[in-house]
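Each structure below appears as structure tokens.
Shared between the two complexes below is chain A, which pairs with chain B and chain C, respectively.
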Partner chain A sequence: MAVDKITSMPYAGWIEPWDERQIVLSTRLRLARNINGRPFPNRLTDAEAEAVAKEVIAALPEDRQWHVLHMSELLQAEKGVLLEKHLASRELLQQQAGRALAVNDEQTLAVMINEEDHLRMQAILPGLQPEEGWRQISLLDDQLAARLDIAYDQRLGFLTACPSNLGTGLRVSVMVHLPALAMTGKLDAIFRRLPQAGLTVRGVYGEGSQSQSGLYQISNQITLGHSEDDIIAQLRQLVEAIIAQEVQAREWLRRNKGLQLADAVGRAVGVLANAHLLAGREAMEQISLVRLGVAMGLCRRISYREVNLLMVSCRSALLQASAQKELTTEERDALRADMARKYFGGGDAV
Partner chain B sequence: MLCERCGKNQATVHVKKVINGKETQENLCEVCAGDVWSFGDLDLNKLFSAGMGGQRALVCDGCGQSLAEFNSSGRLGCSRCYQSFAEQLAPVIRRFHGAKRHVGKVKLLSGVPEGAAWRADPALADKNYERLALQKQLEELVALEKFEEAAGVRDNIRRLDDEISRMMAQTPGGTSDAKAGER
Partner chain C sequence: MAVDKITSMPYAGWIEPWDERQIVLSTRLRLARNINGRPFPNRLTDAEAEAVAKEVIAALPEDRQWHVLHMSELLQAEKGVLLEKHLASRELLQQQAGRALAVNDEQTLAVMINEEDHLRMQAILPGLQPEEGWRQISLLDDQLAARLDIAYDQRLGFLTACPSNLGTGLRVSVMVHLPALAMTGKLDAIFRRLPQAGLTVRGVYGEGSQSQSGLYQISNQITLGHSEDDIIAQLRQLVEAIIAQEVQAREWLRRNKGLQLADAVGRAVGVLANAHLLAGREAMEQISLVRLGVAMGLCRRISYREVNLLMVSCRSALLQASAQKELTTEERDALRADMARKYFGGGDAV
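Let's turn to the complex of A and B:
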């Protein structure tokens, strides 16, 4: 069934290689919208929430194919997959009545229904493409606004449940892989400057500014008083500056710590290709090193596409879903190690 | 009433402030009001829970949520809450966003043949605000029974509407694309 691929398979569009450097994995855009005259989702009764969901689903444009998933009908494992593919948020998944997710066939556009706002539209694209993402999500927004009475104020812009999203309702997030800046201890200084520009950063698969995966998500925080184009332009400018610094840090490592770097990448390949028990945290650390190695020509045993796919496949929820049963920690670590060995052509070979 | 800051434009924004228990009002034009607000720090929780004592019993007539509930959850109950708690929310919004009025994709007030028109065009957004200011000015003049002046403002609105229509004909976008998508 078509819906199965959304809740089980690890593939998502952004895993495909996009540009040479691959420092930016993906760009996500989110638009918050509400329907006039209805309480926001946190104040809806179950019946009202279902009515809102029905109205939104009926308003979805027919020029693309939508898969509609109702939270009340999903298994726990399926929800975990949606979360880790960034198609749905924890807040949506934790609720039931009238909570739904519409995803297009390519899994590049999604509409969360009755999350914090009535509509949370999302576009996910590979690489650094905020302009193209805005084109797509703005068109979807126009199509929906032609059929729904959207809550809007001439001074405050689009009205949202939380005042922090007022105005454009637009949040642009870019996922970047910055292992060399992390290794050279330069990240903190860079990240400390982001709030002045109205941006925030958060470690992906980690706590706060610590990220075992070397992945960070950079987003705009301010949504009122800046146009969508300005938000996008400013984010692009800052992300490009960070990319340049990561490239520099990689060059510095190559020149000054070449042997240590080659050793670390080689050991990471060794672990992933041979381990039989692999905890999530360790897997993320080693995959991050291998990914850096692939980028710097230090590892040719695996492609970008494969290393991205491995990064996603190793997440607990996807392992759980592929096993189709609840796993113990040890079973999960074993399954994760099996998966990693396969990517390195190992199977059972030592 | 003229703007107290620039002294040029009509004051349509009335910012109330309470300092040491004394209420003062600043009367500003649309343009200057946008510049009053300055950047603050970005701690969400602190911002949304601070400085809202006093009228905690205030309740939104749209959804029944109280200001106290917003203070603890940080979320509003419905879009009407923005009017019900306008006075209390304004400083919170200013401190968080450091701004200003909404810019970017806007809902146009005029020049629309049918239905709503949403356009992400900065020049059109500016004209749209100009029209909003004129509309407010017109309402005030009518309320004061200054009909001659009101007629002048009405002419200006008409001229602006023509201009907006012309600009819309030249810019692709928004609604026409949406219609194409619907087929």
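Let's turn to the complex of A and C:
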């Protein structure tokens, strides 16, 4: 079992800074595919599900090293990490028989087996790279399709369990950090226009469209009636427009609220570098401010790479997994604070 | 005019740490005296008040260097500093003709002239030193009485404008830092028992009995019917009992809330060392926590002397006076934050 390797590393496909501004942290692409002549996973018996899993695992291409994790063999803590790392969905993790996850060694490609569809392939890349992501995931798709009989209809395209995935079966998501637009109250207006363009948004590390982390996931809503290239081009165009607005908002803050900005960033550094108890929600808020500070040259004590790593490492499941035992909330908050202090070179002497 | 020297220095008689625990910051003694045959100050004409002031100033003993500040010649900013430093009362500062303040070079002795009484002498000493304070203030009293005809009644003692000061005319106050008793919610019960012992309490840098700074002023209420030695002995006894309770509360916190304490102290250090805007109220709260941290060995980045100095320097009037111009609230908060960061060795790079 390679589960340790997958769950103990905070790597989530977007730790390495991709571009200077780091407004887009990562691009994720997901393809939904099903095998001809088999019921969709929610109608499979345990034995049938296991047979599908066996077939898919056998079809994984040999040009990569795959780690196959069977849901029935995972600890709760390990499942939490897979969820936080966006490698597996809650739906997959809640099931057992024939439910599995194949991850390549670099954790940039993953195949969920018997989630809503027989196959859910995923590629994660740093920065805004939907075209390169599409190249990678369609190569994997071609390799699997060469060995599996994939359900395809001339009129509807790829068949999926849920009609919302019909057609291309392609979902492209980008994770964007928009703290300046959030601070200046411009986010709601921008987000309200996304559905018209066939896009949807949700807060990351938060509830609903709220986000403690200033991070948002923007995805295409529509998979049917558009080519993959169209979906990718439209998403890129809209995300680039949002990036430009975030850059503008940062400049506005610098010119008009320089002192308040320096204060907010400074206080966030102060708390992360000195707290001994840090709840997850607060950690995300403070890290988001520090990340903005790094972007704006206001914070030289930590690099982008470190702030990305800290953001991922602070998440509860990863902390829980690193402790190797069940933690109380206070123990987890203490562990999170210890880790944050280390990132800022702080020890016990404050 | 020596006003600059008096108003520009944050020295307030208790900056130098007196003992290891620093629970008592300072002891202040005040004697109220009046000159025979002159109406009390609130009944004096301007000319009479000026004559009294002249007489008192001429009677100041030559063994010390006195700086005499006339209220009519002070700027508003300077008055604010005198108030914050407990060298003059609001009542004195609001008046003009014949109202003056004499302060010795070390700012340990002061004489308010024509406040509520013709003379209000004051001695300020670091730590719990009511006996030494009494020695110093009664020496000054003797020196002045040798040159002035002080109003004294065999039965009532020293005559004063307000009956509450009759008798000894002695008010002894100690400034105590009780953050652990405040945190553990024990303060109210302790303070409720003080009036029975003839003592009164008020929060310093706060409103009413609340205190943002964890600092409280404990004073004797009764001046009549007790000897000076009795007043001093009783105050010492009660203050020592409160010190013991604060020490106990600190030990309780260390044993039972060690993590929460380290967290609170750490966050306070983090904010003071990194904020760029700091309101007076928040500064006092954070400094109080840091002061507790210093006392408990949880904070090695700042010394008692520095934390005392920071506490005094952060006050609005002193900041205002140091800026040499009228400041907006934001400018003052920025100046306060700049100063706090310097104390923690921080610059603009956070």
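Keep in mind that, in the parts below, the second predicted complex is superposed on the first by the 346 of 350 C-alpha atoms of A that agree within 3 Å, B and C clash if a C-alpha of one lies under 4 Å from a C-alpha of the other, contacts with A are read in each partner's own complex, and residues count from 1 in each chain.
Everything that follows uses one rule, which is that contacts are C-beta pairs under 8 Å (C-beta built on N, C-alpha and C of every residue); 3 or more make two chains touch, one makes a residue touch a chain.
All of these numbers come straight from a predicted model, not from anything done at the bench.
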item	value
Touching partner for A:Gly266 - first (chain B), second (chain C), both, neither	second
Touched partner set for A:Leu83, first chain B, second chain C, both or neither	neither
First (chain B), second (chain C), both or neither touched by A:Leu224	first
Touched partner set for A:Met296, first chain B, second chain C, both or neither	neither
Which of chain B and chain C A:Ala334 touches, first, second, both or neither	second
Between chain B and chain C, more extensive residue contact with chain A	B
Touching partner for A:Ala151 - first (chain B), second (chain C), both, neither	first
Residues of chain C that touch chain A when the two form their complex	259-260, 262-263, 265-267, 269-277, 293, 298-301, 330, 334, 337, 348-350
Interface residues, chain B side, partner chain A - complex	34, 42, 44, 48, 62-65, 73-79, 82, 89, 92-93, 96-107, 109, 115-116, 118, 120, 122, 125, 128-129, 132, 174-175, 177-179, 181-183
In the complex with chain B, residue positions of chain A that touch it	34, 36-40, 42-43, 61-63, 116, 138-139, 141-143, 145-146, 150-159, 161-164, 166-168, 170, 195, 198, 200, 221-231
